[in-house]
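Going by the order they are written in, the chains are A, B, C and D; count residues from 1 in each one.
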Amino acid sequence: MSKHPETQLSEKDKTGMDRIVFFSDAVFAIAITILALDIRLPEAAAHASNAQLFNDLLSIWPKYLGYFISFLSIGNFWIIHHRQYRYIERYDTRLMFVNLLVLMSVAFIPFPTSVISENGNRTATILYALNASLVGVFSALLWAYASYKKRLIAPDTEPAVVHRGIVRNLIAPAIFLLSIGLAFLDPDLAKFSWLAIAPAAVLVK
Amino acid sequence: MSKHPETQLSEKDKTGMDRIVFFSDAVFAIAITILALDIRLPEAAAHASNAQLFNDLLSIWPKYLGYFISFLSIGNFWIIHHRQYRYIERYDTRLMFVNLLVLMSVAFIPFPTSVISENGNRTATILYALNASLVGVFSALLWAYASYKKRLIAPDTEPAVVHRGIVRNLIAPAIFLLSIGLAFLDPDLAKFSWLAIAPAAVLVK
Amino acid sequence: MSKHPETQLSEKDKTGMDRIVFFSDAVFAIAITILALDIRLPEAAAHASNAQLFNDLLSIWPKYLGYFISFLSIGNFWIIHHRQYRYIERYDTRLMFVNLLVLMSVAFIPFPTSVISENGNRTATILYALNASLVGVFSALLWAYASYKKRLIAPDTEPAVVHRGIVRNLIAPAIFLLSIGLAFLDPDLAKFSWLAIAPAAVLVK
Amino acid sequence: MSKHPETQLSEKDKTGMDRIVFFSDAVFAIAITILALDIRLPEAAAHASNAQLFNDLLSIWPKYLGYFISFLSIGNFWIIHHRQYRYIERYDTRLMFVNLLVLMSVAFIPFPTSVISENGNRTATILYALNASLVGVFSALLWAYASYKKRLIAPDTEPAVVHRGIVRNLIAPAIFLLSIGLAFLDPDLAKFSWLAIAPAAVLVK
């Protein structure tokens, strides 16, 4: 791969970029969709009456909440990834590797989701927050690597875009890391704090 | 993102749109394909005779029916999504968020499918109808948001297309919501009413 | 959608076609990849010695065979789909619907694969052959619909291509349907006959 | 398909190539993402205390290690696939078939990953190494087929690129095959040797 890439991209480079973006989209899409695989009724539900089935459905509400939170989390990380690659227009092997780390942490989210929706205690809350922080950290690393001295982003990218990219990437990990402290006071308080991510993400557009 | 987008799209905007569409297609495709994961024989089938295995296969017919109905439902929602994005040519963060809500409700469908194919009673029928209505409602919301004052659709889109888009989006939720009433009379009647969606969708092309 | 489409495709039509092809590719890819989810060792394997684990791994050989045969089957159907869409260049709602039927039968294949690798008797063999025939029949229907009077294929497509497309599509269903007869003599003979599909597919290029 | 393809590609050929690459990306993405499905806590975890859940989470560390190693392995094979297709610009049915063999061996990796993270003994280690070698061998075969006499790669590809492609493809299978010998001395030594793949892959850029 060229060490001093030109602004003008060849057809071949464009296809190479497209595959990275495409592969990432597929991983995000799979991770977000298999969240639903974890929602299961107890075995006995097959022969339940209307009222019993209704109660069975209500009793697994933490599963729905877990699905909802993780769907929005992964969706949020996908939107951040989408924004970053609006500016990244070249790639090298290191970018592909850091991108793999982002995907590795995203694809892991279904596991802490499953844990927290079965047992919402402090340990589970911290596990979830650590995983989500990790996505944010790798995502910030990806942007830092790509934008440093405009290594892989468009040469005409404004400095404000680069800075906003860094700040925006650190919002989610900052909130998730702070929530670990809160989890020692009260795990539910920690979970409640995660709701601050969506408005914060909107404010730092 | 530009607040006053031009009709002429940059290469960058086009790639951004493509990713939204692509990511959505992947979620639809995964949700529709993992429906088959729920079809399972009882354990004892491993040592069954020809006649026993035949009976085992027959006994899980509600699983096949659930697969068939949900495959067509998700397929139908995908076709609607496909039509909408023929006209949507710009995006903003809000569109991405509403699109995520559509996908969240689509990716949830395998769960009520699993419930209704294990226990076809009234509660299960209403759960399924509520989920399917929700997809329709979010899908209509997406179209309303994108088409309002031609916010994100092509400026030369005919008003008739906009109106048909709204009507078409409301057919499925209307039928699914009505079927909830029917479910109180007879769950099987409610399920039968869902078959009206396909011809209705064809009539309002 | 235009009833009398021109040869010259608009950008919008091209994106619409791309989504159909893309969505189909994703369904094929998911169906083919989740085949591996069915390969599982017995629980006790976690504490097995080297020799015991080796025997455990050998004992599930029908799982590997099922994976191998179904991977090649779905791969073969994907190659046929790939060839068809080299010529199909326009679409309408009916094509999208027939395409959904192809995908519905493809996405179902993991189920008979799971059955036949747990219990290879006549019933399981016929189930598998019926499913695979169905893919072929829907695939042939798709080609017949698209190519009839060059409805949706390129106007300059040679008649020989159209005919070969029909013959090629009918090879697999013909062999699978014939194998159902063989299954009444001997299920293993039927499975053996499936191996004729690959060379037959190569002969009718 | 043309036996003597020209350098200048038609739009149709390009779409055909894109689908092969796309389908492969989807299979890689699914195989890499479903690795997380294998990480599960014991049933009792639902009612565990903070300390118990913490211990439960620690006790399944081989699952995390398996996830980590296989994510990097599949990611590494994907990067190799990505590089090969930067040069491959035409296709024939044989290439599609060899590509299917690569995908078949990649999609199988979740199974040995599951085995090795439940029972890390010699047999499991050899199974894993054999599977990973197979991916490398098929991947090398794909490159050999495509690059032989510049059959399917760009005519202006430098010979050095062709040779490096072969060497780079053989690094991973060579290390995995050697590790089988090591496994007879000590399975953990064999696993440790796999870590040499990443630096070796970087050296032979």
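The working rule: a residue touches a chain if its C-beta (ideal position, glycine included) is under 8 Å from a C-beta of that chain, and two chains touch if they have at least 3 such contacts.
Treat the numbers as computed from the prediction; the structure is a model and nothing was measured.
Participant: Find the chain most remote from chain B, comparing centres computed as mean CA coordinates.
Facilitator: D
Participant: Taking shared residue numbers divided by all residue numbers at the interface, is the value for chain A and chain D over half (same) or under half (different)?
Facilitator: different
Participant: I'd like to verify one number: the distance from the centre of chain C to the centre of chain D, where each centre is the average of its C-alpha atoms, in whole angstrom.
Facilitator: Each chain reduced to its C-alpha mean, chain C and chain D end up 24 Å apart.
Participant: Go ahead and note the Å separation of the Cα centroids belonging to chain B and chain D.
Facilitator: From the centre of chain B to the centre of chain D is 34 Å.
Participant: Can you list the chain A residues in contact with two or more other chains?
Facilitator: Each of 22, 26, 30, 34, 37 in chain A touches at least two other chains.
Participant: Show which residues of chain B lie in contact with chain C when the two form their complex.
Facilitator: 18, 21-22, 25-26, 28-30, 32-37, 39-41, 45-51, 53-54, 57, 67-68, 71-72, 75, 78-79, 82, 85-86, 202, 205
Participant: Spell out the part of chain D that touches chain C in their complex, as residue ranges.
Facilitator: 12, 15-16, 19-20, 22-23, 26-27, 30-31, 34, 37, 93, 96-97, 100, 103-104, 107-108, 110-111, 114-115, 118-119, 121-124, 127
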